[in-house]
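Each structure below appears as structure tokens.
What follows is chain A paired twice: with chain B in the first complex and chain C in the second.
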Partner chain A sequence: MMDIDTFTRNLESEFEEVETGRLTPLTNYRDIPEFNSMYALIIIAFIDSEFDVLLTGEELRKTNTVKDLYELVRNKLQEKE
Partner chain B sequence: MPAAYINIIDFSLARNEITNVQLASEYPDYTADSIYKNSGVLKRFSVDKGCVCTDFAAENVSELLNKHKIDKHKIDFLIYCTEAPDYIAPASSVVLHGKLGLSKEAGTFDLQFGCSGYTYGLLLAKALIESSAASTILFVTADIPTQVISEKDPHLRFLFSDAVSISIISSEKKGYKLGEFIKGTDGKGETALRVINSGFNSPRNEEWYHQEGNENLSVGRMEMDGEAVFRFSVDVVPKIVEEVLNKNKLKREDIDLFVFHQASRIILKSLQRKLKIEEEKIYNNLERVGNTVSASIPVALSQALSENRITKNMNIMVVGFGIGFSWSATVFNTTNL
Partner chain C sequence: MAIFEIEKVEITGIACCVPENTIRTVDFPFSSEQDCRAFINGTGVEETRYAPEEVCASDLCYEAAERLIKDLNIDKEQIKIVVFVSQSPDYFLPATAIILQDRLGISKSCMAFDIGLGCSGYVYGLSVISGLLRNIPSGHALLLCGDKSTFSTHPKDKSTRPLFGDAGSATILTKREEASPMHFNLQSDGSGFESIIIRGGGTRNPYSLFSTEDREIEKDIWRNELSLEMDGVEVFNFSLREVKKNIFHLLDSLHVDKEEVDFFVMHQANKFLNETIRKKMGVGIDKVPYSIGRFGNTSSASIPLTLVTELAEKLQSEQLNLLLCGFGVGYSWGSVYLHTSNVKVYPLIELK
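And now, the complex of A and B:
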């Protein structure tokens, strides 16, 4: 799996309205002013197409920071192995 | 057994064009730009309030039949796909038959399907042609989703659009040859996308009309769980693609163009990425038209043809998927285009 900084940059590039460098692993992505239900879908879509892991809304709701997301995906990938 | 061909595909969009600037003036929380970023749609089209769908269909289908010089007396079957029936009974296809003045020898039936309706209708048309039960089929899709969307649901208003399409299917070796079909259903998806208070399950009453957001609705209200629809789409469509390829004994590289139901920008983008389809091999007109439900695939095919994205000797995969959940798909060959 890619490292957390690459994960953060790649996720950031999915958010059209977020300028480069604004997201860090410790950013609470829900605090992004533009955050709405579409962003939640963008995150699910990004993780599905990058890692073939299809998160549920409930799983997503338990995360706050980019690092939480990264760790959720890493655990899901480990479960798959 | 005669093979089935779609000889003609054409469409009409509803008369009223609605831009993002117009919508932004109604919703102060959004700008025209943010509406585009949220929906991927620049403009959508709507019928007038109170429109009866068979009127919308009949007016446009008549014009399209005239445009293509189709003798309506030759039509011996009408398939009418809509989620906006005129009545619970009689069937809307019968009403449309009368409005179009088709032959009394023509059979008709309704197909109450949404996003998978076009490919389902083709599946049925192919069976009617191959069994010689019909020789010239008029397949009409007409949907008016704007009429069941509340003003309180901007995300739905941004996405959906009203349109009519016609397809003529016969054994004449002209146009798109229909390949083998696959189909499927997951009825557990009933609540992910539906029009509530539109039938016996939840009849409308006085209280309903007075609930916030229902005041301007006359029939029912569309509800969509965007996350559930997204998860269904990205989970099922890649499997459908493989299944259709296998059934038609084709490989991925044999497909020259993928025409998926134009569900939403995020679904189309995710499918393209997940299936690793090159941009030029996937058709996308969502920006210009919106999601026209059962008309989305024929509108896309018709526009792709006029833009020379469809030419002779191609294999085109068409995949309908959505409300239900329901899906169906096939491959067209254009050797006789």
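And now, the complex of A and C:
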């Protein structure tokens, strides 16, 4: 799996309205001023296409920071193995 | 999976009717301009059609059917089946299809009934009506799919109100011995029944004085028990999980390569969702037409509406291999692979 900084940069590039460098692993993505309900879908689509991991609404609701997302994906990938 | 084929039936003509009343998404009272922009960028919906109070889904379907039957010069005596697929019927009872049989002047020796499905409704409707028509010696069947979704979306729900639009459709199917078979793959998963739901007003939660009590569920999302509720994230998850699998399973079982499909005509759920599925399937954008920008999500009418507004010329002049796929409320989903040849497409009807 890619490292957390690459994950953060790649995720950031999916958020069209967010300027480069605004997102860090510890950013609470729900606090981004541009955050709206589409962001949840963007996150799910990004993680599905990059890692073939499909997050449920409940799993997503438990995350706040980019790091939470990264670790959730890592755990789900490990479960798969 | 329910994979099967139906022979000896083909699509002869399609017509759609939308209300003239056009509502622009930018005119919806979003809390900010940014919110509005994000909604339009994400869902792709620039405008939708709202039926006036006195117009029902059945009226839109009636207009489409009446003009199509006339245009095809079909003898109404030869229409043996009328099916109305909708989640916004005229009454609790009787079934709307029966009322439409009489209103359209179709003979009494005709079966008529309703099917209560939404986003998957066109594909399900095609399978049911074709399966019945196949066993009738000759004649036609009339498939009417449509919804007045704006009847149920709460005017102050920014997630559903600007997304859904009203539309009705009519499709004529004809018994013909030499018709190419249609191949279906239909699926259901009721564990997701709460993801898109109107909770009140039925027998589970009967209408009461509290049914119309408005509550703000989230910022700018107001609903009452009679409003359409949608959990967008769950629907998104379901669609990414199931839609591609369903389509590819059907094509694989037929040994059809995706390159052989001329067009993938998908239920118009939300542009971002549909585009994510398209990319996941590795299909070019030129093969996936959209009508959602001008009409929003039109429930069971979305596939015929896309055929009428985006593919009319090709349907009328060419032979096409089409993959139609509906998915959503239920969850219910399915796809059909079929071959069309010179289908009559009536130009889009706009009802005043």
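Observations
Keep in mind that, in the parts below, the second predicted complex is superposed on the first by the 81 of 81 C-alpha atoms of A that agree within 3 Å, B and C clash if a C-alpha of one lies under 4 Å from a C-alpha of the other, contacts with A are read in each partner's own complex, and residues count from 1 in each chain.
Basically, a residue touches a chain if its C-beta (ideal position, glycine included) is under 8 Å from a C-beta of that chain, and two chains touch if they have at least 3 such contacts.
For clarity, every value in this text was computed on a predicted model and none was experimentally measured.
Touch criterion not met for A:Val66: it reaches neither chain B nor chain C.
Residue contacts after overlaying the shared chain place A:Leu23 against neither chain B nor chain C.
Look at A:Ser37: by the touch rule set out above, it reaches both chain B and chain C. Using the contact criterion defined above for the overlaid structures, shared-chain residue A:Ala45 touches chain B and also reaches chain C. By the touch criterion defined above, A:Val53 reaches neither chain B nor chain C.
When the two complexes are superposed on chain A, the residues of chain A that touch both chain B and chain C are 16-17, 36-38, 40-42, 44-45, 48-49, 54, 56-57. Across the complex, chain C is touched by residues 16-17, 34, 36-38, 40-42, 44-45, 48-49, 54-57, 60 of chain A. The touching residues of chain B, counted against chain A in their complex, run 34, 37-38, 155, 226-227, 230-231, 234-235, 266, 269-270, 273-274. Interface residues of chain C facing chain A in the complex, by the touch rule stated above, are 34-35, 38-39, 41-42, 159, 231-234, 236-237, 240-241, 272-273, 276, 279-280. Across the complex, chain B is touched by residues 16-17, 36-38, 40-42, 44-45, 48-49, 54, 56-57 of chain A.
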